[in-house]
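Chain naming follows the written order as A, B, C, D and E, and within any one chain the residues start at number 1.
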Amino acid sequence: MNEVKLFLGPQHPGMHGNYSVHMYVDGDIINKSRPTPGFLHRGFEKLMERRLWMGNLALIPRICVPEPDINEMVYAMGVEALAGIDVPEKAHWIRMLVLELARIAVHTMSLGFIGGPTGMYTATYWAIAQRDLILDLFEELSGARIYHMYIIPGGVRKDLPDGFAGHVLEKMAELETKLPEFGELILKHPVIHARAKDNIMLPAEVVWELGVTGVGMRSATGLANDLRKVKPYARYDEVEFEVPVAVYSDALTRLNLKFREIYQSISIVRQVLEKMPADGPVNVPVSPGNALRWTVPAGMVYAAVESSRGEYGYFIVSDGREKPYRIAVRGASYPQGLLGIEKYLKGYRIDDASLWMDTMGVCSPEIDR
Amino acid sequence: MVLDEKDNRSPWEKIGDYFSANSVWMKWYCTGCGAIEMPPTMTSRFDMERLGMGPMATPRQADVLLITGYLSTKTLRRVIYSYEQMNSPRYVVGFGSCTVNGGIYYDSYATINRLDMYLPVDLYIAGCMPRPEAIMNGFAKLIDMIKKGEARGWRHYQENYEWYKKNQLDSLGEVIIKDEFHE
Amino acid sequence: MNSMNSMISDIKAALSPLETSEPAFRQIAAVVKPDGIHGALAYLKNKGFTQLCILTCIDWIEDSQFELVYILFSWTDGIHIQLRARIDREKPFFTTVTDIFPGARYYEREVHEFFGVEFCGNEDLYKPLFLELWDDIPPLRKDFDPQAYSDSKFPMRENANEFLSMTGGGDDE
Amino acid sequence: MNKQKSIFSPVKAWKYLLRKPVTVLKKDIFDNPRESSPRYRGFHQNDWDKCLGCGTCSRICPTNAITMVQVDTLEDKEGYKKERPAFDYGRCSFCALCVDICPSDSLNMSREYLHLSKQAESFYFLPDSRGIHGDTRDRGYVRDDDSELLDLNRYEMELEPVDRKKSFIEIVRGFSLEKALAESARCVECGICTEACPAHMNIPEYIKSVWEDDMKGAVGYLYKTNPLANVCGRICTHKCEGVCALGKRGEAISIRWLKRFIVDNTPMDDYEEAALSYVTEKVDGKVAVVGSGPSGLSCAYYLRTLGYEVDVYEEKALPGGVIRYGGPEYRLPEESVLKDIGIIEKSGVHFITGTKVGRDVSLEELRDRYDAVFLGTGFSLSRQLRIPGYEHSDVKYAIPFLGQTRDYLRGLADMPDIMEKVVVIGGGNVAFDVGRTLIRLQQRKYGTDHVSIAALEHRGILPCDKEELEEGGEEGLKGHFGYGPDEIIITDGKIIGLRVKKVISIFDADRKFNPSYDESDSFVIEAGQVYIATGQMPEYEYFSEEMKSMITIERGQVKVGAHGQFENFPWLFAGGDIVQGPDIITGVANGHDAADGIDEYLRSRKK
Amino acid sequence: MNAMNFVYGFLVLVAVFIFQTTLTGINRKVTARLQKRYGARWYQQFLDIFKAMRKDSTSHGWVFDFGVIMALGGIMATVIFIPVAGFEAFPGLDNVFVISYLLAVGMLGMAMSAAGSGNPWASIGVARALTNMLAYDIPLMIVIFTMIFAFDSASVGELAAMQQGMGVLGWNAVRMPLGGIVAVIALLGMLGKKPFDSFIAPAEIASGPMVEYGGKHLGFMFILHEFMTFIEVSLILNLFFGGGATIWEYMLKYAVLYTFTTIISGVMPRFKIDQAVKYFYRVPLAMAVVQGLVVIFTGLGVKIWF
């Protein structure tokens, strides 16, 4: 049979986001695949050089749409390292709260998005409605559902609103009652097992070769390689949590790890609310003067956080002026989304291509930037 | 874009528009970051299907093209291609700031500023990005416009094809990329 | 876990860097000569820095230099290393490091596309990656003005400063 | 790892067939759209009464979405621009940085999120407090102390320690470089100060130059509109700081001290180069300037920048007028004056000192010798206070006293004859200058000080600067504010005190100056001398009777047309105190303006 | 056969269309409930079809157009032969084989048309659809042959009538429980419901055969789909669940059976096509063979039944 060229994306229901994979298939088997990024390329790294240090706050969340907070966090961490700022204690805890809520939201969503490639839309419908309740929390906290622009260099933008802790705990309790249902519907489903078990493998060698991080790395190597543990930021060294790991990385294992991480995040959220100082400032200015003239001392620094997909980093260069000199973004899904697709998508069936994209955690906006 | 607002539809067209209005299928294409608010709109919390709307996998089946935010030139080429594959009557909805005037990417070398230079936009929804309620209200408004025969962008596109084509070529150089494999 | 100090002294001894610093918590920056990058990467990979986080470039247009930045991470020690080297901006040639870090392949393509740095040995280098039909100098170079490019290609909406009543210009809704 | 599977587990989902859906009801979406959260960042609301029109929002905006639009229907108000921000929702990213940085606190975001239209043009709005659709909604996102993006507090300068009253050393030490950079970083570049400044100095620009550490550029900006930068950097009345946008919620930027920082910290070479960069080759045209006070110097300098030859006539031995003889040394050191006058001299202005127009040379002679004449003679006389005993020889007046003190410090005159206990009448800056100079002289002469000050105005409405009041108090000035002078009590030909009485009101019902007193509340301030600092007067002896008849003089000020030109004498221009009352910066502005007028006049004459 | 038969036939088509489309609409609401939401209006399916009919459509050559007509013609013809609660527009022509044959004409038309569009996704979809058909047909046919063998009749109407009178116990699904299970699973396959919908999987092959249909073509496909659903459900209903003694009973049973398939597919993801084939050839085929052997060699369920 002849080799046929197929486009998986950019407009294909199996593709999350605006991304494209060109596949050469023989029958149902993919012989060769080429990632084609750039559909979401906006030239962020250039635009950031043209905005004020504070003005970039509006830009950065848009680099990773499903989980914007990590951008804010990593940018803030970088700027703080350059400027030598000590963030107020309370801000650290609020940041952790935001990051963990975001992690819950994005894991819940990715749990539901398994419904896309496998066709179990009920799971998608449930999960996204569930995630929406967390977006309500974000709206209460920061004034926006998706782009919170809440974590700023120097701290967080505003203090928690009244009664917020109570609302968070309520939603967490509700989520905990609903999660087992997701487990029943998705993780125990025989057809999901048929699709995901022993499929879409990620061996440990490939992890090291590509530089895959996050759930992918932990599911394959059995190492608790989580930046929150290995190189703690904020106050992650003061909360107790486990990093779920596995040594056999198929799609189902990765799904299970995400599911267990949700529980860990819920536990972190509870600890954060318990241990957070009641009072105190929530931010300090980056430098004297108003935000139009904030400057950051010259220097180069790389800051990284653990996103839901792995190590997410910014390399920030300042020349001491009111705008960054250069910012380079390391998208967490860069290794698997480009080289991974080129090298390791082949051999799978067309049916698995979108499942591959989904469970490997490929997020197109952060690759394209 | 100046549209002829006079209602000169035949009764058959009015009936047709009634059906069109109550069954608007959208092209499921996430062109930009506004797409992140589409899943909540489609799924259980806001349940777009109540309006008779649903996502469709291919442009042939779709009635409305949602431009969910900024468009890079690379995407715009595919969007125009998709739009031309859609069957009339077809509608375009622009989401958020980026489609109106470039949004936060107004000075980007990779994204366009005004969507209506390249495609006829029937409705814009404000926000960055619009929240699901705004999207739902936008759709309700679109439905109303179709019912009243006001959503006539596709006619405008047919009638001013040359103008659109010229804009597309001016900004994109080439609209249909023959070899996009980069091989 | 090795301590930061011993790591820095190891690096100083092995790589003879032009300059080292500690820009942030558990982070080491080392500037080496361009021809030392390969050796340094191989050495560091052996020292446990198994992950290439990012490969990027900075355009120091005033010095007429590009600075290549390799950021490595050691999961065992929890240390990030910035390895930097400056090359001539007028003759931006360098060799690929894909033999040490295969994952660098797309980073190199990206740096080539955005800065015009050529990495000898990376076979896919000349294929466009993010950009399509690009017709100007590499866009992340400092002498590229995105505003001017945008203005020349993508028309903007000129807002007339006329408001029907002084507030609320919209006719609908 | 939980990897067990069961065919029955998914079937449990069937229970939701009979449960209530989680969907938001249609009526909550369409009929009454769901309220967004109290912090929601929706569309903008802008309180036009509060809005300054400063445009800070448009400068922070990362999306370039905010345009300042001229609104002509607004009334003119000091410190407010007639501009309001218009928002392009084709750009806005709803980040609310504009709200957080708004100096006037007028901007906030509403909880409104619906705007749909097929007209892309309708996404451009000029919101007021009712929001973009004119239907007032709840406030959403508002700025609070945490999200503040302005730096509201001044970076304080060091002052000399308390024993500063023992000497005439300048009391304000000035900014260190670090503090100056920090202070200059507070500026939001709104330019409201420029509008308020009589000389329309390029304040935002020179502050920005400080922030960029470009002192030469800053000096260049200063000399664009003010050749007395050293003087104004120290004793300007700083109207700019009164209207500073930051002053609405916090402390205004120390514009004056930043100006002083510039002039004190620029290397002399750079300074001269920048300051003299405007001076041009001489052209045909000669102008006489009468009086070397601020307006005369300013006029002379700007005439030089236009190429004219300038002679300045000064009655006193040294040029400078009020800046040479008026300001106290501890505020305005001699070096500063010398520096300013030196630059003006270097620009090619020729000073003819010791020559009083009207006495040594007549105005008519000047008219014949020069192409044009500028009058900047100032208020050189003290206004008398006709209370009983005012003719006593120990009743002193501010202007001669201050002048003599300056000359004494220069070594050109004797120390003024002061007594151990004195009282000053007046509540303006000059009165405080007199009082504080007296303290220093008393310290020098007697080792102690005892200076009282009496003013009609009570503490809250004193016309002097706030810092004068504070610093004067620190130095031991005994204030009796709200008490008006009644009589000078003289016993045995010597003054023993000043009787004062409580002021009830200063102005009468017609808002005319007509103080009324509470006669029952009066007391005597013990003093051997009375210093009167209740105002100054001009002297117009140089006008011939014929000229006087053709000139209108109202309340001591001459009436002139545009650019200070006399209607009946087109060759004659005036500026400074005699046109607009005593104020250095206004004088500078008049001088500059007159220079332009003279240029225009001479050009038109040539044609 | 006279003119009245054609009038009846036409009326049957209209009635079937209205009934099935309404039911589809209701089932969309059922799915929605499962997904914790309200879902579309019950008449949404009508709106969708009429909307599609109203739109312009793009042709991809005469094969593409003709295939649609051929499919619709074939399927509409089949509908007329389906006995509903004893009523037949053309009595005596309700043979299982006739129906299967006519159904195949419809399927073939669809395949022709889809392949004629030239879209690779459509070709893959058609290939998958035919594979899928092959997969579910074999177990189902074994059961149906068993039934024909046991009851000595190939007439759908007769087979339905034979099950009536004993209540639930008379149903072939109860008499031949394994065969009943096979039939329901095969029905899921026939209807293209999850987990056997890989030939129209949007996330994998962009809705497969349907990828190039739009406008009127799509409208025809929708109508065709409604008719096909009716044929398939009716076939299983008549053969395994005793049809209906009255039209109301028939409609009720039909609705229950159809809704049952909906709620099953509502909690199912889809198999990959190879998995679907493997599944059919493993579980239902084994059950069908066992059922066939039991019926043929023991008579249990047919001859031996009370």
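Basically, a contact is a pair of C-beta atoms (placed from the backbone, for glycine too) under 8 Å apart; a residue touches a chain by one contact, two chains touch by 3 or more.
Since we're looking at a predicted model, the values are computed, not measured.
Participant: Can you list every chain in contact with both chain C and chain D?
Facilitator: Looking at chain D and chain C together, the chains touching each of them are A, B.
Participant: So, comparing each chain's Cα centre against the centre of all protein Cα atoms, which one is closest?
Facilitator: A
Participant: As a test of whether you follow the contact definition, which chain pair has the most C-beta contact pairs?
Facilitator: A-D
Participant: Measuring centre to centre with CA averages, how many angstrom lie between chain A and chain E?
Facilitator: 44
Participant: Taking each chain's centre as the mean position of its Cα atoms, how many Å separate chain B from chain D?
Facilitator: It comes to 56 Å between the two C-alpha centres.
Participant: Return the distance between the CA-based centres of chain A and chain B, expressed in whole Å.
Facilitator: About 29 Å, centre to centre.
Participant: Between chain A and chain D, what distance separates the C-alpha centroids? Give it in angstrom.
Facilitator: 53
Participant: Got the chain A residues that touch at least 2 other chains?
Facilitator: Residues 5, 12-13, 38, 41, 43, 46-47, 50, 58-59, 122, 125-126, 129, 147, 185, 189, 192, 368 of chain A each touch two or more of the other chains.
Participant: At least two partner chains per residue is the criterion; list those residues in chain E.
Facilitator: 32, 34-38, 202, 206-207, 266-268
Participant: Would you pick out the residues of chain C that each touch at least 2 other chains?
Facilitator: 128-129, 131-132, 139, 144, 146-147, 157, 159, 172-173
Participant: By the touch definition up top, name every chain pair that qualifies.
Facilitator: Touch list across chains, by label: A-B, A-C, A-D, A-E, B-C, B-D, B-E, C-D, D-E.
Participant: Any idea which chain B residues touch chain A in the complex?
Facilitator: Contact set of chain B toward chain A: 27-33, 35-37, 39-40, 43-45, 55, 57, 59, 70, 72, 74-75, 78, 82, 104-105, 107-111, 128-129, 131, 180-183.
Participant: Quick check on the complex: what are the chain B residues that touch chain D?
Facilitator: These residues of chain B touch chain D: 3, 44-47, 50, 94, 97, 99-104, 106-107, 114, 116, 121-128, 130-131, 133-134, 136-138, 140-141, 145, 150-151.
Participant: Which chain C residues qualify as touching chain D in the complex?
Facilitator: Going by the criterion above, the answer is residues 157, 159-161, 163, 165-173.
Participant: Note which residues of chain A are touching chain E in the complex, please.
Facilitator: Against chain E, chain A makes touches at 4-6, 12-14, 28, 115-123, 125-126, 129, 185, 189, 191-192, 194-195, 349-354.
Participant: If you look only at chain A, which of its residues touch chain B in the complex?
Facilitator: Contact set of chain A toward chain B: 5, 10-13, 16-18, 22, 34, 36, 38-43, 46-47, 50, 58-59, 62, 65-66, 109, 124-126, 128-129, 131-132, 135, 145-147, 365, 368.
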